[in-house]
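Next come two complexes built around chain A: one with chain B, the other with chain C.
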Partner chain A sequence: MKLELGFIEIKDIQFSNECKVENGTLFVDAEAVKAFVYEDDDVKAYVKSACFDIAKPGESVRITPVKDVIEPRVKVEGPGGQFPGVIAKVDTVGSGRTHVLRGMAIVTAGKIVGFQEGIIDMSGPGAEYTPFSKLNNLVMVCEPVEGVHQHDYERAVRIAGLRAATFVGELGRNVTPDEVQSFETYGIKEGIEKFPTLPRVAYVHMLQSQGLLHDTYVYGVDAKRTLTTILYPTETMDGAIISGNCVSACDKNTTYHHQNNPVVADLFEQHGKTLNYVCNIITNENVYLADKQRSSDWSAKLCRLLDLDGVIVSQEGFGNPDTDLIMNTKKIEQMGVKTTIITDEYAGQDGKSQSLADADPLADAVVTGGNANEVIVLPPMEKVIGTLNYVDVIAGGHAGSLREDGSIEAELQVITGATNEMGFNRLSAR
Partner chain B sequence: MSYRVVHYINQFFANIGGEEMAHVAPELREGFVGPGLAFNQSWKGEAEIVATVVCGDSHFAEHEKEAQEQILAWVKELNPDLFIAGPAFNAGRYGYACATIANAVKEQLGIKVLTGMYEENPGADLKDKILIVPTANSAAGMRKAAPAMAKLALKLMKGEKLGASCEDNYMPNGIRVNFFEKERGSKRAVKMLLNKLADKPFVTEYPMPSFDRVAPNPAVKDLSKATIALCTSGGIVPKGNPDHIESSSASHYGEYSIAGVEALCEATHETAHGGYDPVYANADANRVLPVDVMREFEREGKIGKLHDLFYTTVGNGTAVASAKKFAAEYAQKLLQAGVNAVIMTST
Partner chain C sequence: MKNGHDFLIITNNPLVERCLGEYYSVEMFEEASYRDILVKVRDLVYASHTLYTHPLSGSVKPNETPYKSVVVSKVPHTFDPGEAEIIAYCIEAFDKFKPRGITLTDPVKRDFQLIDYTLICGAVDFDAAAGLSKIK
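Showing the complex of A and B:
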């Protein structure tokens, strides 16, 4: 399957009374985006208000509480559309051509749970830890209608973000991309014939599915109701997987992370040179032991069935999913398939504690995204998009995290994407 | 003014002799001796060795207490900014002496210390207590070892923040420190996998810890006479979370009374836990801390008594070391209160 991505560089966003992309600037009419967002019944029923703001790299701006980050894209050739099974119809994506508004994102903000949303600082020390400080962000701050059930509200805000991204992505349809790249993996036999001497490598992509606001969706299906299965890597790149998560901000895989999965990108970079990138294996992180056993059995079974030599395993979340990570790794290694895993650490604020909730000697090749418990001080920002009301209670904060001058003392946990377990960042620990 | 350093070396590096002279007792010399020159050169005047302690390896091993007392007395008197020992490379007794005396200076005198040796030197067992720079396994590695140790020594003397072990070149000491790598994690993972596939060497960024396995206690013989306590890492607290237990990475636990409480309810209890969807726990906290069922058992005589207090914290992102500390403390309280068994719920 072959996918072409046409990258349109977005260097600036401006509010305007028309909507267009011109010379690297996105001009956007907030009312038009809002109208499109509100065409959805759930949004209409549960989202009282949606206000837009713009945050640019280097500005003294803090966005919080952040729910999701989404890259606007549009399918211009080939089957399917953006976010299949959720926004577009469920046709298989990952082939044809998709235009990407690169350098920007839609950020959804506003309280969902309160504990489980994050902070994005556009400048200062906090900006070093989140990849989203480098993007021009169109921020949509949502407020719930009174008395709404949290689960309904989460779904509504999730859909609202995806709809906003779809609307903005559409503006790139007829724009000539600044750069076009193509990505292709092959059928099993075809791949072996093409690269007879290269090791066969796949990506075991663990999806957060602990349930009840800890969910990921694949073609619109709740991942906790899925069996471990196979995707073409280009499907992931083309919006097949979206985030529906309220977990600690630092190692939540936002929809943007799925769209720009760095493991997929870096395996493609070596594809046909040092390795044969066979496919992605997606597997869930359910809470019941039977589910964990079944899913990790299936991961290992598929690795064997595909005659793989090695896999990279990435995780989402921590604690409970550490057991899935270790079960996957152990069983895959026992099949004779070599593993490298990507995780992050909860080693305590002093760094002295054991970092994972589960371990096995077979997990001997580990890449870490850093210790999420490490404490950071975020200086006050001139402008806050959203509200600072939840800073003391979000995961990684403590009573008194928000100081009188507006500065925040908290663990890295509070920063969206800080210790990402797909290996999106350079942060690490020893 | 330059920083003042005291250096510890053995008889061999002091040019007294080899194994045949390993019995020599400690002596104090002014200024640098032998490898101390290399340190002084690296420091370029910013720091200087003011005195050198020379001690035979056998002497230290056989008269550890006396040798240590003598050396500590000298170092105390000199009160340097740093005490540096070795490097000992793979010399076992020398490495042991360097690590032991450095640890004693640190612990007893509160002076900063540093040593260097080969990773498999028995002295490296103390790497969690003192900073040890890894070196080659023979003195041929001096040219690299001396500047490496000198660099870290200067950083310590200046009181600069210590980076990660791989950045500042010391043996991993069990304290995880964040830093920015040159490449993103996914790229490092691909490289690591390619090395592993080709049977080439690779270094894991997190060596797996060994786990503390707890053997279960024998079963309670007669539940109908037992006092049972409820404990949880699911964050159930009185409404409003009066002790501000953190939603993640909890710094403390709570002790709350349920004396006379038939069941928890939405008006009285909630969860402080930030790692799971709180909706159902807030609506009915018995789902996490089953007070209602325990009261039923109490009435039916299945258990003797439900303990009047429950202990609670948030397990989410909480360091294992913290959890262990909390439990060690409240386990004593439970024992004192005559509790026979505990039901610990997690989420």
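Showing the complex of A and C:
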């Protein structure tokens, strides 16, 4: 399957009374986006208001609480459309051509529960921890109608963000991209014939799937109701996986992370050179232990069936997923397939504690995204998009986290994407 | 909805008791802390009860939410060292988080109860929204 991505560089966003992309600037009429967002019945029923703001790199702006970050894209050739099974029909994506508005994102923000997490600082020390500080962000702050159930509201805000991204992505349909790249993986036999001497490598992509605010959707299906299965890597790049997860800001995978999964990007970079990138294996992280056993058994079975030489395994979240990570790794290794895992660490504020809630000697190749317990101080920002009401309550915050001057002392966990377990972050030990 | 004849839910979450008590055996420990629940579960696992759900369900951190629900078997079966290892790791993981000194407001407590409830519903395959609508 072959996918072409046409990258349209967005260097600026401006509110306007028209909607277009011109010379690297997105001109957007907030009312037009809002009208498109509100065509959805759930949004109409459950979202009282949706207000737009713009946050640019280097500005003294803090966005919080963040729900999701989404890159606007549009399918211009080939089957399917954006976010299949959710916004577009459920046709298989991952082939043809998709235009990407690169350098910007839609950020959804606002309260869902009273401990809603996630901070993006656009400047200062906090900005260094989140990749989203480098983007031009069109932020949609949502408010719920009174009395709405959290399940209904989470879904409505999730859909609202995807619809806003779809609307904006559509503006890139007839724009000539600044750069076009193509990505292709092959059928099993074809791949072996093409690269007979290269090691066969796949990506075991673990998806958060525990419950409300802890979910991921694949072609619209709640991942906790799926069995471990195979995707072409280009399906992931083309919007097949979306995030419904907004707990644990530092290591949740936003929709943007799925669209721009760095493991997929790096495997494609080496595809045909040092390795043969076979496929992605997606597997869930359920709470029920028998589900964990079944899913990890299937991961290992598929690795063997595909005659893989090695896999990269990434997890999402803390605690419960550590057990899935270790089950997957151990069983895959026992099939004779080499593994390298990507995780982050909760090693205590001094970094001296055991990092994961599970371990095994076979999991001996580990890449870390950083210690989420590390304490940081974020200086006050001139402008807050959203609200600071929840900072004391969120993970990584404590009583008095939010100081009188608007600065925040908290653990790294408060920052969206800070210790991302796909490795899409800015921490480094070099 | 899974067949829960053998399920025993150990919890300190009143919402779990209210919504699931009709369908499953629920042992409610109102005064127990999150850690107390983990220790009760550990003792049951040591006594050969089957551990059905992961004790660190959810990405809400153990020093963030006061609520925890775990499903074990009603009666002892066979001692499983793997399950004993999981619960031991969980208590170790709990202990590395510092207390935060926060007094939670009632709305925030209700939200934490809701999250814990939905996680356990997901685990036992119970329709969380339907359970909530029945108690309204």
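Quick note on the criterion: the second predicted complex is superposed on the first by the 424 of 430 C-alpha atoms of A that agree within 3 Å, B and C clash if a C-alpha of one lies under 4 Å from a C-alpha of the other, contacts with A are read in each partner's own complex, and residues count from 1 in each chain.
Keep this in mind: contacts are C-beta pairs under 8 Å (C-beta built on N, C-alpha and C of every residue); 3 or more make two chains touch, one makes a residue touch a chain.
Since we're looking at a predicted model, the values are computed, not measured.
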item: Three-chain arrangement built on chain A, chain B and chain C clash or fit; value: clash
item: Touching partner for A:T323 - first (chain B), second (chain C), both, neither; value: second
item: Most chain A residues touched (candidates chain B, chain C); value: B
item: Chain B versus chain C as contact partner of A:H258, first or second or both or neither; value: neither
item: First (chain B), second (chain C), both or neither touched by A:K224; value: second
item: Touched partner set for A:H205, first chain B, second chain C, both or neither; value: neither
item: First, second, both or neither for A:K67, with chain B first and chain C second; value: neither
item: Touching partner for A:T340 - first (chain B), second (chain C), both, neither; value: first
item: Partner chain(s) touched by A:Q150 [first = chain B, second = chain C, both, neither]; value: both
item: Partner chain in contact with A:L275 - chain B first, chain C second, else both or neither; value: first
item: Touched partner set for A:L213, first chain B, second chain C, both or neither; value: both
item: Contact residues of chain A, present in both the chain B and the chain C interface; value: 113, 115, 149-151, 210-214, 247-248, 318-319, 346-349, 353-354, 357, 359, 373, 393-399, 413
item: Touch list for chain A against partner chain B, complex; value: 113, 115-116, 128, 149-151, 199, 201, 210-214, 246-248, 262-263, 265-267, 269-270, 274-275, 309-312, 318-319, 338-343, 345-357, 359-361, 363-374, 393-399, 411-413, 420-430
item: Residue numbers on chain B that touch chain A, as the complex places them; value: 164-167, 172, 174-190, 192-194, 196-197, 202, 204-211, 244, 246-249, 251, 273-280, 315-322
item: List of chain C residues in touch with chain A within their complex; value: 2, 51-54, 56-62, 64-65, 71, 83, 86, 89-90, 92-93, 96-98, 100-105, 107-108, 110-112, 114-115, 118-125, 128-129, 132
item: Chain A to chain C touching residues, read off their complex; value: 113-115, 149-151, 208-214, 224, 245, 247-248, 251-252, 286-292, 317-320, 322-323, 346-349, 353-354, 357-359, 373, 392-400, 413
